[in-house]
Amino acid sequence: MTEPLKPVYLEDKLNEVRGDGHLSYRSSSLPTWCPGCGYFSVAEGVAMAFNRLKVPSKDAVIVSGIGCASRFPFFMETYGFHTLHGRTLPVATGVKVANDKLTVVAVGGDGDAFAIGGGHIPHAARRNVDITYLVFDNGIYGLTKGQTSPTSVQGFVTPSTPYESHDRPLNPLMMLLSYGASWVGQAYAGQPHHLTDMIAGAIAHRGFSYLHILSPCVTFDKTEMTYANLNVRVRDLPADHDPTDRMAALEQATRTGTPALGLFYREDRPTLADGMADIAMRATAGIPAKGKKARG
Amino acid sequence: MIVTVTLNPSLDLTYGLEESALGEVEVHRARTASVEASGKGVNVSLTLHRAGTPTVAVLLLAGRTGVEIGNGPGQTPLARLRKDYDAVLLSTGSMAAVKLPLKEGEGRDDPTSIKGVEYGLNFLMELHRGEKKKVGKRVAVVGAGFTALDCARVAKRLGAEEVTIHIRTAEEYIPVTKDEIFEAKREGIRIKGLRTPVELLVDENGALHGVEFAQNRLGGWRDNGRRQAIAIEGSEFTEPCDTLLIAIGQRTINDYLDVKLELDRWGSVKAAEGGKTSVDGVFAAGDFVSGPTTIISAIGNGRHVANGIDHWLMGRQRRRQMVRIEPVEGPLRERAFDFIESQHMPTATLAKRAGKLTCEVETGYSEELAGTESKRCYLCNLKYQIDVDNCIYCRACIEVAPKNCIKLVEGVEIREDGTYGELQETRQWDEVGAIWIDNNECIRCGACFMVCPTKCISITRNEFVTQDL
Amino acid sequence: MGEAIHNVIIGNGSAGNGAAATLRERDPDCRITIITMGSLPFYNRYDLPRVFRGCYDWREILVHPLSYYDDQNITLRRNSRVTDVDGRKRTITFAHNETMHYDRLLVCAGGQGYLPEELSDYRGLMNGFNSFEAAITTYKALPAGGSMIMLGGDMIGLDLARTLIDTGYKVLLLTNEYTFWPHRIADDEREGFINALKHMGIEVIDGVHPVAVEEGIAGKPARRVVLDGGGEILGDVVMPSYGLVPTAEFMLGSGVDIERGMLVDPMLHTTDENIWAAGDVCQIWSAEDNTYRFYYGWNNVRLMGEVAARNVTGANETFKGLDDERLRIDKNGHLASPFWEY
Amino acid sequence: MNRKGTDIQFAIIGSAGDGTIAAGDILKRAMARLGYKVIAFDIYPAEIRGFGKCISRVRITTEQAYSLKRHSDVLISLDDSYAIPHVGEVRDYGAVIYESSPVARLAEGGHITAHIKPSQLPYGVQVRGISERATASARSRNIVVLGYLAGLYGIDPKAFREIIAAKFRTKAQAVTDQNTAAFDAGFETGKAVFKLDDIVLGPPLHNKEAEKTTMMTGNGAVVRGCIDAGLDTFFGYPITPATTILERLAAELPKHGGRVLQTEDEISAIAATIGAGYAGARSATATSGPGLALMAEMLGLSVMGEVPSVVFVSQRGGPSTGLPTKTEQSDLNLAVFGGAGDAQRIVLAPTNVDGCYRTAGKAFEMAEQYQTPVVVLLDLYLSNRYETVVLPDKNPFSRNLDKQMADGGAGYMRFADSDDHISPRAIPGQEGGMHTVTGLEHNQLGKPSDLPENHEAMNAKRHLKLEAALRHPDFTICKRFGDEGPVDVGVLGWGSTFGEILEAMFAAQDEGIRCSAMKVVMLSPLPKDQIAAFMDDCGTVLLPELNYEGQLANLVSGALGRPVTKLTRSTGSPMQVEEILAEIRRLAQARAA
């Protein structure tokens, strides 16, 4: 016989939620995403993570591009910059370069990140600019009503690929691992607690952190990246996975059929700000350049 | 001589039906009823007896029948019962008609002394016992309960041309169902409000020919939730009639009690929690305590008092009521059930009813109708609840909700008794402490359960259970 | 500056509109809202028989021009059924789930045609005449020169009946105690009045009772009224005409007293200090008669609305019903009733 | 400005999740199928579903109409909070249809009945209840109201059922069945309702023209034009309101031997378009203002390299991301001038759906014939507006207008100048025509050259060759309507606004004002002579357009040195006929005084 269930009291829960304090990171406007959208889970996760890390609202900047995901800053009581399609990372880099004290979180969808914005990612990663990049991957263009995206499955039939898409999906995790991102992880909107932990980990990391978030579009994708499918497919990274082993991380990233959740890879190396500080120190102190001289 | 010994005897209650038509869903009326001692040994003795063989049955007896309680000769007084038994339960109901208070005139002491005037309770009981009852052409009924309506409808069937129910307040405030009033009206009965009988008008032959009423105005609300009516002085008027049936209430009979029990202002025995009266070891239950109610509440009260007696006898509480919460796998209702109209109880046509006392008015649900009607049950014991810890606030549940049943909540009103009142809703995102299912509005359609992306909606069955301690 | 006082009138008939006009006269600044279940602005129900004289457009029977509501700053809420009034919170709840606050409430919800319970199963086979829509529907159901079976024959129905006779239709009237409602007819007067009906051209059928209404047999008139004796009467339309009963169910939870109608004192005040009632919906205490009574007819109803409105705005006026309420036969042998005059 | 015969405008208003647009879609298709002329326009928010306001307006007439009316005859509310501000647009004795049993508890004034004027007729319907009864789901509320509408106004339900079946053709049969059940339930309810308004549907047209009529949007017409003009390749990136061009072409073009690719961004899209153009294909892309801004540099390459390319630009509110779902005509400057250097190109702007078809096809002719980029400016209002049109029986577009390299290619100069300044083109794969196209200034051979006289000459060549476009065969670069000869007020217009201008001009004529209107379809190069001649006839010239600055007004007065009266609006909505009419009246009165 199962243990009898205990009643849950609303007022206790309300006190708990209110006392916890993450509500202060929400703006007053209700998110306009479709009901059921995975992005709600991310929004809640970011608020929880900020709260956990005690990031002051005034020091948090959320930069986004264009797309459903990029509506995100409007729903947060932080600084926000809703920029242009695909230009999230350059703008976020600018913000961070200008003021290293800010906690900068760049957000965007799969189209914003890997189609129009794809050219910017390697550079942000190799620079190791200390920002967090959250990509909400729903495998579709939601804001323009459901066209195929760079992470859509091959053969996806959408209004812009009515006879199926020929292009293979990208493997964002392998890309980021190859680009030299210093923190690479994956989470799933259907597992809100784990998602929150991962967001907090990404923000806490010093350097360019990339969190790939599997997040169903309930309106335009009823067959592929659905909660029902992902609930079955996702798995945890093996318990013995070593996040400092890039080859192991790459190997895990190849298994796209059963996406692993967790921290794939992490390394500590100087950030862009570190590099710039070093240069500034040398320039002001008159210390000569220490690198390889191109002209010998 | 054969002696049988029966250690677990019983009483067989036998009801005889007109024909064995069980299985079909219809109302069966018992034609005969008998009570016989039974149990294996007893049965053997009975058969032997019928076969002419002398026999004695020896059995253990716990109860007694045929004992007349009272203070008269040959009766057993309550004091005696108290001495013989540890506990005595009084549950003798409300079987006396309340006397009609009249201001003046003939019949003030006993209205039934006038020809054509009867108490409705007696009228119905006598009829039930098979007496031939007669009514006049114009029948007036005073009273506002089911008895009054029964009297009126019976009077109509007995051939009265005009039957009017006179009530003190108004139709809207009387304690009978709307269906009952509707059916009575269909049968041609009228209801007239705001009037209190003050005098009976008697002709030279001592027969009733009218009732004088006072015009009432409505007063405040009484403790029992009924409206008060206040007669207006000097507003008297007359309604002609030749039969008056008085059905203004029933009361308990407790003059058989030789033990002095504390009574309330209506003359009923006062009973505390668990049916305890003011005298130790004497308990009371049902209509005997509460005045006339319904069978359902009487049985409920009986069960409650039984526990009280047990508690008293054993000196400790051996059972208690608890709420049991258990998980339910999925929704047990469908949205389509909500569109099933209330199934009207099929009734006999007016022509069939007219003039017949034996025609069952409500003919009962067919199996199909009963099944349909039962689908309308909202399964109120199922509770839908959102696990706030796993909710991502995506509002998918609100989107599919067919009612205003799932809400963005910032607070909740807690009433004095600890129950929830209104949920305080908000559209301010930073105020939304929880998305919550308002179980007052929930129709348990399961739509939210099916759609939740994080499966954070649970369904539990919440029931009162009696648990042995 | 505080918010303007919100006076809410439930009912869009003579009483409600008389009250609205009076309120506006006496208080130019207050908010006035008229609530009605109907779809149309105020028209006179008494005008409805005109449908049989060629008036098919509702705009022709409106009492006020449509600009009236803007000019008078009166909000008219149509298609709005009140389900609940909370006298304590001073709120009104509509069937469409909206809640409205009022400062003072004047209930002029009128009455609805009474259909005896024993005929309630046949409602779908009978026509009504209490709204423009019902009137047009009845008009369309009656073929030229067709016949209407009228049950009862209250004064509203008889008004229609005389128009029908005038315009070439036949009327078969099954009389009963509701005939001539709301006039009280002494037994000895009755025959005279019945004869007057016959004189008008109405075919009067006295002393039988309908027990059922059924569809006509193909090729015959559309309706059959089955009589208690077993006979039947054929006609194209059956119309119950059993007088009015007050429309007051929605006030049950409000805290005001209700018997058949809303109980009011001679100043039309209910038992709630912020609620008044006027028109067919209320039963007024009559000190002379020592009882509550109804007052009917356009003149009474309109006057009640005005009196109630004056009392809402601070007056202490007693409503006195019009004296002459008797049914008469004029010198031409025609029925004459104050109920028909407006 | 009601037309004779039937002239009814329906407005369906609800939130994005209510299926508002889908309902409007079925309505207009059903009405077109019945033989009415339809002009329709939807307004929807940037949010996919959620809480944005959607409006679908459908005007049906028996006589041709050129724009929507200011006042709708029937308003259908699927969401009162959005519909309430629009109750005023319903005319007197018009109808308002709404949900009579909303789920949510409403504060005072939260229900539409609180706002319906005494002159309007309220029709409360248990929309949700009917939907749930008929289909066990509330999702078909939008279809229920359509059924109600058809029942109330006696519209043939068959047309609706056919359109519903067609619309859900690709879904499971159950979806069609559910929606048909919802429609029928609504229809029965509507039929039983007593109609009190004075809206009457006259019989539709039943002539030959009606049979040939099809209904399409501006974007749909562009797609048809592309296909009929023999488009070979199309590259696109999703952007509102041009996405449907990509989507429709993706579905249709492969059937006609063409190829479609969704690229990773707009730069890539135009680059591929130019690449395909270089390789001899008829090639195009479609975008909106922000995408065009990204493409500006590439357009310069197309000018400099004299490579044919066609860009369809459906304008929306700007600058920047701006108002993605609102209409505006503010990318004229960008289309005409955008990019580095003196980079003249052809810019065309059709004024109605029929024009979208013709202009799209002609754009390919011009791009090919004049070896230039052609920008076709639509706007959201035109792109998404539905009209019933009659397409020509015969394909009106010419192929193979390339000025071909002479056989053998001896002494071939890719950029040789000549009388018409158009150089013979060699397509990769052709023998003897090998050359390099470069964004650097080059000589007639195509070799980079920064000699001063060369740059001067080549600039002149690139500009002068476009003069011929002003005389391009079978293409209306501008056209005058209304009174002939001298008039008091002349109205110049471009793009979608010209519909309203025409309606206003006709109305002004009815009022006795002498006036005429001219649409300018070719905006670059500007038909100065024709515009000047028109302005000569006009007492005053009014130029209404949907932007803040008055971009065409500036262009015209700058080019001709003559003043025009601007009437600019940047509200995100189409201009109102009444606004233009009022301005015409004002100008006519000022002139009379």
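For clarity, chains are labelled A, B, C and D in written order, and residue numbers in each chain start from 1.
The working rule: a residue touches a chain if its C-beta (ideal position, glycine included) is under 8 Å from a C-beta of that chain, and two chains touch if they have at least 3 such contacts.
What you see is a predicted model, and the numbers here were worked out from it, not measured in a lab.
Colleague: Given the contact rule stated at the top, which pair of chains has the most C-beta pairs in contact?
Modeller: Greatest count of contact pairs is found between chains A-B.
Colleague: So which chain is farthest from chain B, going by the mean of the CA atoms in each chain?
Modeller: Looking at centroid distances, D is the chain farthest away.
Colleague: Can you check how far apart chain A and chain B are, centre to centre, with Cα atoms defining each centre and the answer in Å?
Modeller: Spacing between the chain centres: roughly 65 Å.
Colleague: Quick one: report the Å distance separating chain B from chain D, using the average Cα coordinate of each chain.
Modeller: 72
Colleague: In angstrom, rounded to a whole number, how far apart do the mean CA points of chain C and chain D lie?
Modeller: Their C-alpha centroids are separated by 56 Å.
Colleague: For chain A and chain C, let me know how many angstrom lie between their CA-based centres, rounded off.
Modeller: The separation of the two C-alpha centroids amounts to 69 Å.
Colleague: Mark out which residues of chain A touch at least two other chains, giving numbers and ranges.
Modeller: Expected reply: 30-31, 33, 35.
Colleague: Residue numbers in chain C touching 2 or more other chains?
Modeller: If we look for residues of chain C contacting two or more partner chains, we find 97.
Colleague: If I count partner chains per residue in chain D, which residues reach a count of at least 2?
Modeller: Expected reply: 17, 103-105.
Colleague: By the document's touch rule, what are all the touching chain pairs in this structure?
Modeller: Inter-chain contacts occur between A-B, A-D, B-C, B-D, C-D.
Colleague: Tell me, which parts of chain B touch chain C in their complex?
Modeller: Spelled out, the residues of chain B in touch with chain C are 169-172, 182, 185-188, 193-194, 215, 217-218, 232, 234-235, 237, 350-351, 404.
Colleague: Where on chain D does chain A make contact in their complex?
Modeller: 17, 46-52, 236-240, 243, 246-247, 250-251, 254, 260, 262-266, 290, 320-321
Colleague: Can you check the complex and tell me which residues of chain B touch chain D?
Modeller: It is residues 334-336, 338-339, 399, 401-404 of chain B that touch chain D.
Colleague: Any idea which chain D residues touch chain C in the complex?
Modeller: 92-93, 99-111, 113-114, 116-119, 121-124, 194, 196
Colleague: Which bits of chain B are touching chain A when the two form their complex?
Modeller: 323-327, 385, 387-390, 392-399, 408-412, 414, 420, 423, 427-434, 436, 451, 453-454, 460
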